[in-house]
Structures are given as C-alpha cells and as structure tokens.
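These notes concern the structure reproduced below.
First chain written, first letter: the chains are A, B, C, D, E, F, G, H, I and J, and each begins at residue 1.
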Amino acid sequence: MPKPQLLETFPNPYADRDYEIFMETTEFTSLCPLGGIESDAAELLLLEGGAPDFATIRITYRPAAKCIEAKSLKLYFWSFRNDGIFYERAVNRILDDLVAVCAPKQMTVVGDFNVRGGLKSVISVRWPQG
Amino acid sequence: MPKPQLLETFPNPYADRDYEIFMETTEFTSLCPLGGIESDAAELLLLEGGAPDFATIRITYRPAAKCIEAKSLKLYFWSFRNDGIFYERAVNRILDDLVAVCAPKQMTVVGDFNVRGGLKSVISVRWPQG
Amino acid sequence: MPKPQLLETFPNPYADRDYEIFMETTEFTSLCPLGGIESDAAELLLLEGGAPDFATIRITYRPAAKCIEAKSLKLYFWSFRNDGIFYERAVNRILDDLVAVCAPKQMTVVGDFNVRGGLKSVISVRWPQG
Amino acid sequence: MPKPQLLETFPNPYADRDYEIFMETTEFTSLCPLGGIESDAAELLLLEGGAPDFATIRITYRPAAKCIEAKSLKLYFWSFRNDGIFYERAVNRILDDLVAVCAPKQMTVVGDFNVRGGLKSVISVRWPQG
Amino acid sequence: MPKPQLLETFPNPYADRDYEIFMETTEFTSLCPLGGIESDAAELLLLEGGAPDFATIRITYRPAAKCIEAKSLKLYFWSFRNDGIFYERAVNRILDDLVAVCAPKQMTVVGDFNVRGGLKSVISVRWPQG
Amino acid sequence: MPKPQLLETFPNPYADRDYEIFMETTEFTSLCPLGGIESDAAELLLLEGGAPDFATIRITYRPAAKCIEAKSLKLYFWSFRNDGIFYERAVNRILDDLVAVCAPKQMTVVGDFNVRGGLKSVISVRWPQG
Amino acid sequence: MPKPQLLETFPNPYADRDYEIFMETTEFTSLCPLGGIESDAAELLLLEGGAPDFATIRITYRPAAKCIEAKSLKLYFWSFRNDGIFYERAVNRILDDLVAVCAPKQMTVVGDFNVRGGLKSVISVRWPQG
Amino acid sequence: MPKPQLLETFPNPYADRDYEIFMETTEFTSLCPLGGIESDAAELLLLEGGAPDFATIRITYRPAAKCIEAKSLKLYFWSFRNDGIFYERAVNRILDDLVAVCAPKQMTVVGDFNVRGGLKSVISVRWPQG
Amino acid sequence: MPKPQLLETFPNPYADRDYEIFMETTEFTSLCPLGGIESDAAELLLLEGGAPDFATIRITYRPAAKCIEAKSLKLYFWSFRNDGIFYERAVNRILDDLVAVCAPKQMTVVGDFNVRGGLKSVISVRWPQG
Amino acid sequence: MPKPQLLETFPNPYADRDYEIFMETTEFTSLCPLGGIESDAAELLLLEGGAPDFATIRITYRPAAKCIEAKSLKLYFWSFRNDGIFYERAVNRILDDLVAVCAPKQMTVVGDFNVRGGLKSVISVRWPQG
C-alpha cells in the first residue's frame, strides 16, 4: 500500500512569491494488480501482485505554505514497490496524497509508463480542476 | 476488417476528476487497399490487399465514466493487420470506434505513417469538433 | 516548369469531420535560377538553370471535399527537378497549386532549404490569410 | 511460410571487385508461434499464430556473381507477415534463403526485435562460419 | 534470493551454426544490501534490504545446444527485486546462473547501474576467461 | 554566503527597445546545507556544509536601464561554491539579487539541479508576480 | 564596422501574401570589444579588438515589398568579422540594419552566442515593439 | 551520363606525408534506371529514367601526387542528376572515375541511399582490393 | 589537496574471475591553479586557487583482490573541490591514488574537462604501461 | 600567416608515463585563399583572402618532455583568422607547428570543415608516419 505517512514537508522559504517546483523520478516501480505470473513462478517469486511496472513520475506544483521534502518523496515512491496498482489509480493517488500533505496552489502529476504489449501509457492529472 | 468488438473498457476509478490518458503504439500495421503487388507474388503472398503500411498511433483522451482497457486496445489494433485501408479511413475509424466504446469527454487520434515514395503522412482527428 | 496538372485528388472519406493532414518530403530538389555554373561545366551538365537546391517540404491542411492523392503529389514535386526557381516562388507556387486543386479549409506550406553559403532558409506560407 | 521463391537476383555489375552491400528494413513483422491470444479474440482475429512481432533486419554481404534484387527482398520479407516463427529460426532462415539464392562471398544477417515483456532481443548470424 | 530455478531453455534450432544472441532489459531492479533507510521508514516500507537499485542488463552469448527462453529470463530477473545484493555480486551471479543453465560457447553479462551519489557504475563479466 | 556585491551592470545600449537576454551556466555548484558526510570524512574534507550540489541556472530578463555584466555574473555564481543552501533558497536568492542590481522589466530564474537519490528537481521563479 | 551598404534586396514575388522567411547562419563571428589578449600576442595577432566571439544568428521576418537577398546577407555578416562589438549591440544593430533596408511587416533577430567563461548568452530583439 | 571530364585535381601540397581526406555530400541524386512512372506522367515530367534516387556519398582517400578539387567534385556529382543508374553501378563508377583522375594510394566510396519500398541500401567499395 | 586517505576498498567477491568495472562521475570540480580572478573578487570569493574547472571522470579497471568502494570514491573526488590543480596532474594523480589503494590488474582514468577559452581537453592515462 | 611563435609549452608533469592528451576547438576560422568575393564587396570587407571557412580542429598527442599550453594554442588558432589557406595546408601546417614546438611521441590532427557547396571535408594527418 502506498504510505503517505512517509511524506514530509518543510516551510516554503519564499512563501510570499508564486513560483514552481518540478520533481521527477525515472525509477518508479510498482506491480500490475492482475496476476500475470504462472503459478509455479508466482510461488517462487513471492510477489503478491503481478508483473512489475516501471514509470517516470513528473510532479509540478506551485507551493503555498509548505514544500515537499525530497528525501521523503523518494521513500513514498518506494512504498509502491511491492503493491499491485493500476496506472490510473497510481497517478491519481499520488496527486491526492501530495495535495493532502502540502496543500499547494496548484499541482500536476504525470505518470509515464514503460511500454507493455507494444503500448505506452501516460496519465496526466491536475489539481484543482480547470 | 477492424473489429471494435475486441475493445473493452473498465470503470474510470477517478471519474469525478478531469484528467488525460495518452496511449501510443509504434507497431500499427495494415495493408494498402490498392494492389501494389504483381500477380505472381500476390498469389504467393496471399495478401488480400496490397503492400503493408506501418504507423505509430497516438491516442489522447479525457475519460468520462469508462477507460479503455489496454490489452483490448492492442488486440483491436491487431485486427487491422490484414485489412486494406487508406490512412484517412484508418485514423477516423479508430476515433469513431474508441469514442463509441468509451464515450470520453474528448479524444484525439494521430496516425503517423512511415515514409512511402519519399512522402511521410500524419493524420490527426479530434472528437468532438471545435 | 512545375506541373500542377500532375496533381490528383480523391473524395474526403470523412468530409463531415474537421481534421488535419500533414505530408512531408525530405527529397525536394529544384535548380537555382541564377547561373552559378561556369560555362564549360554548364555545357557538359546541360542544366538549364544553375546549381541544384534541396529542401524538405512540409504541407499541413484541413481537407474540405477533397484530399490530395499522395502519389500524384510525389510526381508534382518531381516536376520541379529541372526548373530554375527561387525559394520564395517555389513555396508560394506549391501553396497556390495545392489550394487550387483541393480547395482545403486551410493550408500551410513550409519549405526548409539546405544551407547555401553558410545560410539556411525556411519559407512558411499559409492560406487563407489571417 | 517464408517464400524464398519470391527472391530474385541480378548479375553483379562489378563482379571482379570485392565490395559490400548493406540492406536494412525497419518494417519486418511476423507472428509469435506461441498462442498468446485468448480464444475469443483469436477467433475474431483469424491469426493462425500468436501475437505480432516486429523487427529491424540488417543484411550485409559481399556479392559474388549475383546481387539480391531489392524489390524481391521486400516481397520475401512480406511472406513472413502471417507466419508464426521464433526469432532464432527467422534470422537463421533468412540467412539460409539469401545464401541459397545469391551465393555470396560472405553474409551476415541481424534481426533486432522490439521489446517484449521488457526484454529486447538481437540475433546475429553469419555465413560462412568464421 | 536470485532464483535460477526459474530459468528455462529450449533446444538451439540451428545448433550447427555459430551465432550470437543479445538480450537486454532496461528494467532490472534489486536492493542495496546496506541499510540506507532510517528506522521508521524502514519499518513502514518493509524492505529487507536498503534503497532500490536500477540497472540495464545486457547479455550476449553464442548458444551451443541450448538457448535461454526469454520469458523465463524475465522471471529470473524479477527474482532479484526484493533482494539486497551488491552490483559486482549481481552481475557475476547472473553470468554463473545463465552459464549453468545453457552451457553456451561464450557469454558476457554487462550491468549498467543508474547513478548513485553522482557515480555511475558498469560491471562487465565474461565466460570463459581469456 | 552568496555575494551580490560581485555583480556589476552596464548601461543598456538599446534602452528604448524592449528585448530579451538569456544567460545560462551549466556549471553552478553549491553545498547541501544538511550534513551528509560522516564525521571523519567531514574533517578531512573541511567542507562546512554537506554534499556538493550541481545545477544548470537559466536567467531570462528584459533589461530596463541596466544589463548584467557577464563576467561579474560568473563570479557571483562562484560565490555559492562553498555555501550550504537549499535549492529553493538558492534560486529565489539569485532572482532577488539580480533584480536588485539591474532592476529589469521582467526576469525569470530557473535552477535545474542534478539527480539526487533518483530525483531531479527544477525550481522556476519569476519577477514581478504574474 | 558592420557595413549595411552590403545588404541588397529583391522585390517580394508574392507581396500580396503575408508569409514568413527564416534565415540562419551558424557561422557568425566578431571580436570582443574588450582587450583580452596580452600585449605581445596582441601585437602578433594584429586584432584590433579582443578575443573572437562566435554565434548563431536567426532572422525571422514577414516581408512587405522587399526580401533580403541571401548572398548579400552573408557578406553583411562577414563585415562583423574583425570588429569589436558587444553581444547586445551586435544583435540590435543587425535588426536596425535589416529593418532599414527591407522595411518588413515584422522582424525578430536572435543572437545565440557560444559559451564564454562557462556562460551562454542569447539576445532576442523584435521590431516593431509590442 | 556521369561526366568524369568535370573532375579536376591540384598537386598534393604535402605529398611526402601519408594522410587522409574525407569528403561527403548529402545531396547526391540520380534516377532509377527502371521506368517507375506511368506513361502520362512520364511524358509530362520528361525524365528519361525513372523515379529520383537520393543518397549520401562518402569518399575517403589517401592522396598521392594529386588531390581532388572540391568544386569539380560537386559538378561531377551533379552530372548524375538526370541519369538512370543502379546503386551498385553508381558507387563503383564513382570509385573508378576518382581513382582514374587522382591515382590515390587508397580510396573507399560509400553510397548510402534513402529508403525505397521500406528498404535502405548502402554500397561500400574500396581500391585497391585487399 | 586530494586526500587518498578517504579511499576505501572491499574484497573482490569474484576474485578468481577477470572482469571489468567502470565508474563515472559527471560532477568532478577543482580549481585552476593559475590566479584568474581579479584581486577584489578574489578577496570576496576566498578561493585559494583560481577559476573553477569541471570535468567528467571515467575510471575503468580490472580488479584483483580489492574493489574500490563507491561512496569513498565520491568523497575522494570531493577532496579536489577547493584545490588548484592542472588537468594533467589531476588525472595522473587520480590514477596513482587509485592504483595504490586497490592494486588492480589494469586501470585507465579519463578526465574530460569542460570547454575553456573555446578549447575542450581530455586526458587519458593507463596503468600499467604498454 | 599562422604564427607558431605564439605557441608555448610546459614541462610534462608525468613525463615517465605514456599517456594521451586530446584538445578540440569548434571555433577555428580562416579564409579561403581563392577570391570568392566580388570586387565592390571585397573592397568594403577589406578581407585579403576570400570567403571565411569554419572548422572543428581535433588534436590528439602523447606528450614526451613537453605539453602544449592551452591558452597559447588558442592564440595560435586565432592567428589563422585573417589568412587565406587551403584545408590541406592548414591541417598539415598545424601538425608541423605543434610537433616542432612540443616534440611529442605521436600526434594526430583532424580538421573537420563546415559544408561548402554541399560538400563536407575532413583532413586527418599523423606524425610520425605509420
């Protein structure tokens, strides 16, 4: 399960200025929630979900009172490592967790997933709407 | 014949949020509807249409109640493999089939076809108009 | 002389939809209208114009009732091969010829010419104005 | 089934010189021989093999008396389109068929296959043995 | 623990020819064997090792009687996912496991690890020596 | 400590024209303000802050009466070399110092920091507020 | 001294159409107006200004009655070769000279100068204002 | 017909040193010797051969007493413009013509032809053999 | 002063195999030993040497009994940060220090320094000779 | 005239080790020795030679007792700025001048000249002969 309790913030040192922070990891990995591993292998691998997924996650936000602490964000991403989660859920969940913890003026999260079955998928979400 | 009956959807897990999904395959192939193969070869090849075409297909949509299931999209693309179809028809057809199955808020489909006779062609369609 | 009579069209199969077609060749060649070849060589080369020019031509249009047939466009481009024509004339001429034959809703033509004398030139024209 | 009877040759116009010819297609496609398509979809798709494979094929050879005719090579590649064949077999088979038809001094064939399940595969074969 | 029992082989279909097979994944991940996660986070993350490592693994071999089955190789790579293992051990271990299962004429394994602390590391091993 | 007293300006030679100046260094380096170096090493290294950070800094401004002198900007960047400073502070500080010294019509500063812990960070600030 | 008297124009062959011309040289060179060469070397080099500067110059304009003749533009650029001139002056001067000679509807000039002292500079000017 | 009489040489200014000269054009064009143009278009186009071919030609040689004059090489390449010639003939012919005119110690000619029918071709020839 | 006492090793886990380790940092920085900073600025900057230098350092070695510990290598590189040292000395010094600490079978060190005054420098050293 | 008297050396700090130094400038410029400028322009431009040439110069050498001082090399390159010199002469001359001043164990000089008339030229020379 993603663990938002790992996320930490620090006070925005220039809270009176409207500016933008972009953070990107090319090392996001989770598991496909559908079992895609045949039974013997599944037993050997001890993976509760299915096949590993890999993505680049890009976060852009305009901080209000709080900034996201980078190291805690890294740990939060690690908490997806052994969870089965669909692409759409993962990206929307990250947005919700980050908005909850730092209450930004605006935030977008993009999940750019590696090719699977010849198909690349990119999910882009934004807060607030419109 | 393209087979939209292969397409499947799943309920949008974040249907109350307006967000964007991009899906891309670099492995789309169909046949040119014009016979471009001389008779003996045509007989040997048993291709009903003409020469193979190759394209990258890019789909961008904002889901409403339903999302397109990725594996079914892959199978749908495969159903063009042995059909003769013009570029303009193929791309418009994909848009129509996908809109019919998932009723998105908005969708664009781009077909970026490999060079033929020294000419590259890219067809871009959008739904709804305007 | 460019030969617009080589251009052919076919009925737009989705004429009720507003969409975009992009066609590009990296193999456009014409001749410089200024004699840049010294006399003996000119005689041997039998080139009526001057030095060869090379360009990438990019066409983007929104079809109305008619689409441009790709093979005929290729032949039309070939008809510039042994003509002396300035960059500005060539690009504007292509726009005029294509608009005349397919009466699009909108069209742009870009001619991106190879470096000559250390200078690269790109000419971009659009129809209709504004 | 690959159809080597589609391959044609022409006499090497410079047979007294030892030189090298390289030919490459980025548009090779065949089918996986393992059924990877669930039954309903398989019925709809009418594919005798399994999922499509895509590859770049690179041929390098030093011609002796005969050169491979390019258009016939293209048709020969098309004859793999609807066959189920493993990577290793496809590349070795191409080498055998081409050597049989043109009897070169030397030939290498490389099949560079698209990523499947996160794995890229490249098979390189050579004739005669080194 | 890496699980070589997941590896499968198939008979080399062209065992009388000396040729080369290259396989690459950009999605290898394991854990650093050193605890790099502070205690509370470690408890939450339930990672037995330390911080995740990511690498591209490249395998090149000349098959003798047996070829490595691609899907089983993918599963074998997955078995490193939750193990703590140093770079040098991981790459040498992969070589040992693959050689044991397919007894190739020759094999090299390259592990190209993502930057850590501003340092990129690439380990290259070969069998047999010399 | 960053030393804005190193910054120099020269009169804008075309002060009656509204134009844009972009300046970029790929060689910005400062120190992380958090101690990330274990004690013995820290003593040997004599670094007052922690681990070195590296960034590309991009400045875009529309000059009013004064332009920033390039060489003095380089020296100003050097004054961050041995200071511990957070990313957000560094970029906002640079904006404040440059605005103070040259009073531009508009300025943006972007700090594009190297990957740390698998995370890339880019901070973008602008003056005056939009 | 830059020599605008080298610039020539020709009548816009499609003066009734609003279109765009882009011209670029990657071979612009001038001298830094500050003496950066120590005395003995300066005497040997006979350079009146200081160290050479190099830039890519990009011109985009919408012609009115006149187009800039490419060869004359090349000669005009050469006239900066042995002059000491600051970046800001050079780019603004080019805009003024070109506007004076061809009276375009609109023009932008961008000077993209090579790195000096680890700093890259790009100056962008436009006519008319706003 | 290619016109080697256009080629000129100049005395090698460092004939006592063994060195290498590389010359490359990305603007080589000739015609396919096979009629690939339907009759009406052929009449309009007045092309004696068939469809245009485009190539990059790369020449590497070690000069003996004579060097090839660059401008004359350019004219020589132009003499292929309206000739129908096969790839293999063109590249071997260029080698023969250049060797005849400058008698180098060694020369290679590579013709790297644009994709036709999805196939790229590169021909490499060398003098002397071995 | 570079501080080799920061370097640590660990026992080669596969000491009976001859293999290769490559390590690269793009974040090496030192100071130019020549004073290149005018006096007032020098006083403000408190840099004992001159202008900062930046380089990518690439190390390739075949370990014998000991491998270089990555984190300690990073700290060793940091010890150059505030030292004035010439390119040639830095690269040779790194080789000497690393060979002394890990006694490899073979090692090369490459220092690829950023452009200064329009000149890029790369120094490559190897141990043992020959 | 190129001025080798500008070149300076410093004692090789590791003269007992056989190693390699690479230096590259992308900012070499000289003049074509052939008058390529029509008379009026030539008078205005005051260029004694013809049109400017631009090149990247790459020097690789194994130093013996002396290394080439980088700043003096830069000044030496500047001394070609207003001289008319053929490509072959320039590159051979640079080799001769550099060998004369630093007496290396081995040196290569490569001059990679910008496209002129659609032709790129690269001259590679080496000392001593192979």
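Convention: contacts are C-beta pairs under 8 Å (C-beta built on N, C-alpha and C of every residue); 3 or more make two chains touch, one makes a residue touch a chain.
Computed from a predicted structure; not experimentally measured.
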item: Steps needed, at fewest, to go from chain D to chain F via touching chains; value: 2
item: Proportion of interface numbers common to chain F and chain I (over half same, under half different); value: same
item: Chain centre separation in whole Å, for chain I relative to chain C (CA means); value: 55
item: CA centroid of chain C to CA centroid of chain G, Å; value: 30
item: Set of chain F residues in contact with two or more other chains; value: 26-27, 51, 54, 114, 117-118
item: Which pairs of chains touch, using the document's own definition; value: A-B, A-D, A-E, A-F, B-C, B-D, B-H, C-G, C-H, C-J, D-E, D-H, E-F, E-I, F-G, F-I, G-I, G-J, H-J, I-J
item: List of chain D residues in touch with chain E within their complex; value: 86, 88-89, 91-92, 116-126, 129-130
item: Residue ranges of chain G in contact with chain J within the complex; value: 3, 5-6, 26-27, 29, 37, 41, 44-47, 51-52, 54, 75, 78-79, 81-82, 114
item: Sites on chain A touched by chain F in the complex; value: 12-14, 17-27, 67, 70-71, 73-74
item: Of chain A, residues touching chain D in the complex; value: 51, 54, 114-115, 117-118
